[in-house]
Amino acid sequence: MCRWLAYWGTPVLLDTILYRPTHSLIDQSLHSKLGVETTNGDGFGVGWYSRDNDSPALLRDVGPAWNNRNLRELADHVRSSLFFAHIRASTGTAVQQSNCHPFRYGRWMFMHNGAIADFRLLRRDLTLLVDPKLYPHIEGTTDSEVMFYLALTFGLDEDPPAAVATMAGVVERVGHQHGVEFPLQMTIAVTDGERLWAFRYSSAHASRSLFYSSRVEALRRLHPDLGFLQEVSGETRLIVSEPLGDLPGAWNEVPESSYGVVQPGVDEMHRFEPVAA
Amino acid sequence: MCRWLAYWGTPVLLDTILYRPTHSLIDQSLHSKLGVETTNGDGFGVGWYSRDNDSPALLRDVGPAWNNRNLRELADHVRSSLFFAHIRASTGTAVQQSNCHPFRYGRWMFMHNGAIADFRLLRRDLTLLVDPKLYPHIEGTTDSEVMFYLALTFGLDEDPPAAVATMAGVVERVGHQHGVEFPLQMTIAVTDGERLWAFRYSSAHASRSLFYSSRVEALRRLHPDLGFLQEVSGETRLIVSEPLGDLPGAWNEVPESSYGVVQPGVDEMHRFEPVAA
Amino acid sequence: MCRWLAYWGTPVLLDTILYRPTHSLIDQSLHSKLGVETTNGDGFGVGWYSRDNDSPALLRDVGPAWNNRNLRELADHVRSSLFFAHIRASTGTAVQQSNCHPFRYGRWMFMHNGAIADFRLLRRDLTLLVDPKLYPHIEGTTDSEVMFYLALTFGLDEDPPAAVATMAGVVERVGHQHGVEFPLQMTIAVTDGERLWAFRYSSAHASRSLFYSSRVEALRRLHPDLGFLQEVSGETRLIVSEPLGDLPGAWNEVPESSYGVVQPGVDEMHRFEPVAA
Amino acid sequence: MCRWLAYWGTPVLLDTILYRPTHSLIDQSLHSKLGVETTNGDGFGVGWYSRDNDSPALLRDVGPAWNNRNLRELADHVRSSLFFAHIRASTGTAVQQSNCHPFRYGRWMFMHNGAIADFRLLRRDLTLLVDPKLYPHIEGTTDSEVMFYLALTFGLDEDPPAAVATMAGVVERVGHQHGVEFPLQMTIAVTDGERLWAFRYSSAHASRSLFYSSRVEALRRLHPDLGFLQEVSGETRLIVSEPLGDLPGAWNEVPESSYGVVQPGVDEMHRFEPVAA
């Protein structure tokens, strides 16, 4: 299992979000409170969009986030309006850069907390369902990357919620074919550089935690003394595996079997259900 | 492309073979003479058999061999009668530990110099031909590892030359199906911890270089002053991508489309031909 | 702070001691119970003596021990009668191989848990006291390595307890000169490949935990069913930062301000006091 | 020895300079033409200034530049008007992040090609001459970093050419005291984020190569077809260990025992002489 964070809104230094808050994601790499594992030291990744490239940049490495100096440097110098960060606790697959989240394909970026149960058993069948044209782009050996390529196969580019629902349906179908009762456990973030989708689902309906930040204007009323809140736009939003900081009223749980859309204008929250495929 | 070395014979410190000779394999990681690339700095691996385990030990890392301190340490302290060493120049796949040779399955160890042409194109079809029971053991993304698992699929455990010939035939068939004229380029070493097989073959019959050391008794007559030759058994044998040292009479080219067997008693050399499968 | 383990006795596979016990040192890298930090993921090291070399071999790396595959390989294949293992939680200095314990000089090996308080302040003065002939051998930037080179400077080769006592006295004197009230916190293991010395001391007399294993014959009486105890000699001894396993009667605390000697024949325990120097 | 590159001028994507040119610095990490070593694979570093921080950002790693994916990512997404890049061929000191150039202190950045002869012999005396207040900031073990801290000690902040000249004088004096005939070999780049100084000097007056790019307006006349030259300001300047690309008229050798200043307005070139100190 892992921990992750997705930021959408006013451009900020990565440091503001990654390191500054009490119980920041970087702290969580050493001491997660809500994770299945307390330590998430099997690699990390940050992905961000810049003005010069439609495709996001990735900084990923195999050591722990808490002692990585390149990440610390980047956080002090890179500003972005849309970025993902992920810290990994391997559920068995190799600790290597190609297994670190986020994953990227063109302008798309994807990260995952959770697991496909008995993935060693299901891996071949699931990988076969990836579009042969996409197959050569798979670089690592995680369940998460296969989930991403399945979503791409099933139309992520056109309809992200439908593509993720089909992917989830396929994972469950293949899992059940192999006798796995609860094949899927996932919280997922995916973005095309414009909008951000976050999913919370598990076959057993006992999904890993996922939270979204309250509306900035509400937080400003609650915490008029916090300068940071004055600087970011009203639309700024964070989605996290577990809350950062200790601001009362700041965090709301994404309901079980749901997904949210962060976008210009009004955000959305919908029910999520795998599509039998 | 890469460089490799296989040792079979009297137990020696790895240092004796890996670092001591002029133009040693470690030197070749910086300055190969016969390789397609002069630098082989994209990871390395050493595999050796010890008394405590039927399965060989692997030390592999993603940096260059020439500056790796753990390899230097091991070479000064580990003694083995059968070991492989490999230095990698990536032909495109990721530089990660799971892509470093040698590869291992149970008591079997395998390494490769060469490439499957257009592997990105052929990868999916070839991987599908791996026995589904073996499939979950594939950890990396190289053509070499897929070749190993295909050989295992086709009976490496029973008849290594036949299994490698079938693997080569399958690679050529799948390659031709995708319009690749010369799909395979390989020098391969494979061992079960008892015997050692070395193959030299390429679809275009223009294979990478491969050499085997002369019989120790002949070398002793040629070089009576060399202490090392007095210490090793008459059966000791080295197979290398390019000659170590500068001993006249020490090295013989493995003929094009051939394989050799190093074993207790008399070694063998045979013609190698892919089996259409 | 860190965790460490020193083994002296019948040759065993490293695996037997490093991975097999419940709450093994490798487990402690993720979940230490008695350490100041629960996670010790800032590098690790193993040092062992082999037959081919008076000087011990070191395998050290900057990632966590718990997911290191080369350590796992070595543990399954290397057998030694005297080895050290160390997992690191950096107290601020860089996470790099040259800062990983154990340290080595000739046949000597050294490792440390603890810290010199305000080391940044004291580093220059302490480093100056290292014998200029030894100075070029300092490779890293830790307080621990400076402590080792001070001990070498003060006669480790002739009288280890006296050399360590002088080192401790010097650290305290230089610390006091800089206004540091309690300059030293240490548990140390040091060996010349024959005998093993373990020290527990801190300026505030509140030293980190240190334990030694009970006499094997006593353990055999308590646990006649444990095969492992039948296989090792009566003189086999383990010194650890925190107990491995859950064997009643197996572990004894090294008293505050003491040092023990593990050696052929009868082991010793003495009071330790820094020598004003 | 090493290779380096310094860029000052119109903000560009790092990619434009680091990867795009024929015989780029990244190519030189594999195949340097003018370097003492053809391979510079013992770590690398990039340092750049951004708008959010007076102090430059550093991305440094211990593997070769040619296969580093994080560097590749950064180069596609980071734009800067002043950056350094360095590829390392170790002359003996450890391959670790803290030994990778550029080095940084506050807003200052420094990199070096060359060596202090017999540095192991001179290291202690030279390190002692570093201001004790700066001493704790030394993180690695290279001669280069000590040169940087000596320059800082001797007033880099006030008068960079004088500080570097005093540093060079001190290195020569201490070298001579130890019987080293030609103690210093250096090409150096140093910047405070505004101006850039580049030095070429060696005690034997046989310094490593160093080149500066021609004035942009002259290049535009010579190569009117090159779009890149239309986009950068007339003041844009590159200093490199060996020429990139194959543009006739593009490169000029920095004369032996000289230094140049790249700055707003007219650049300067002066004679360099160590100051006896």
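As written, the chains take the letters A, B, C and D, and residue 1 is the first residue of each chain.
One rule holds in what follows: a contact is a pair of C-beta atoms (placed from the backbone, for glycine too) under 8 Å apart; a residue touches a chain by one contact, two chains touch by 3 or more.
What you are looking at is a predicted structure, and each value in this text was computed from that prediction instead of being measured.
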Where chain A and chain B overlap in contact partners, by chain label
C, D
In terms of touching chains, how many steps apart are chain B and chain D, taking the shortest path?
1
Quick check on chain A against chain D: do more than half of the interface residue numbers occur in both copies, making it same, or fewer, making it different?
same
Chain A and chain C, separation of their C-alpha mean positions in angstrom
41
Multi-chain contact residues (two or more partners), chain C:
69, 94, 97
Of chain D, residues touching chain C in the complex:
94, 96-98, 120-121, 123-124, 127-128, 132, 135-136, 138-141
Residue ranges of chain D touching chain A (in the complex, touch as defined)
13, 48, 50, 52-53, 55, 57-61, 69-70, 73-74, 76-79, 97
Chain C partner, complex, touching residues on chain A are 30-31, 38-39, 41-42, 62-64, 66-67, 69, 90, 94-95
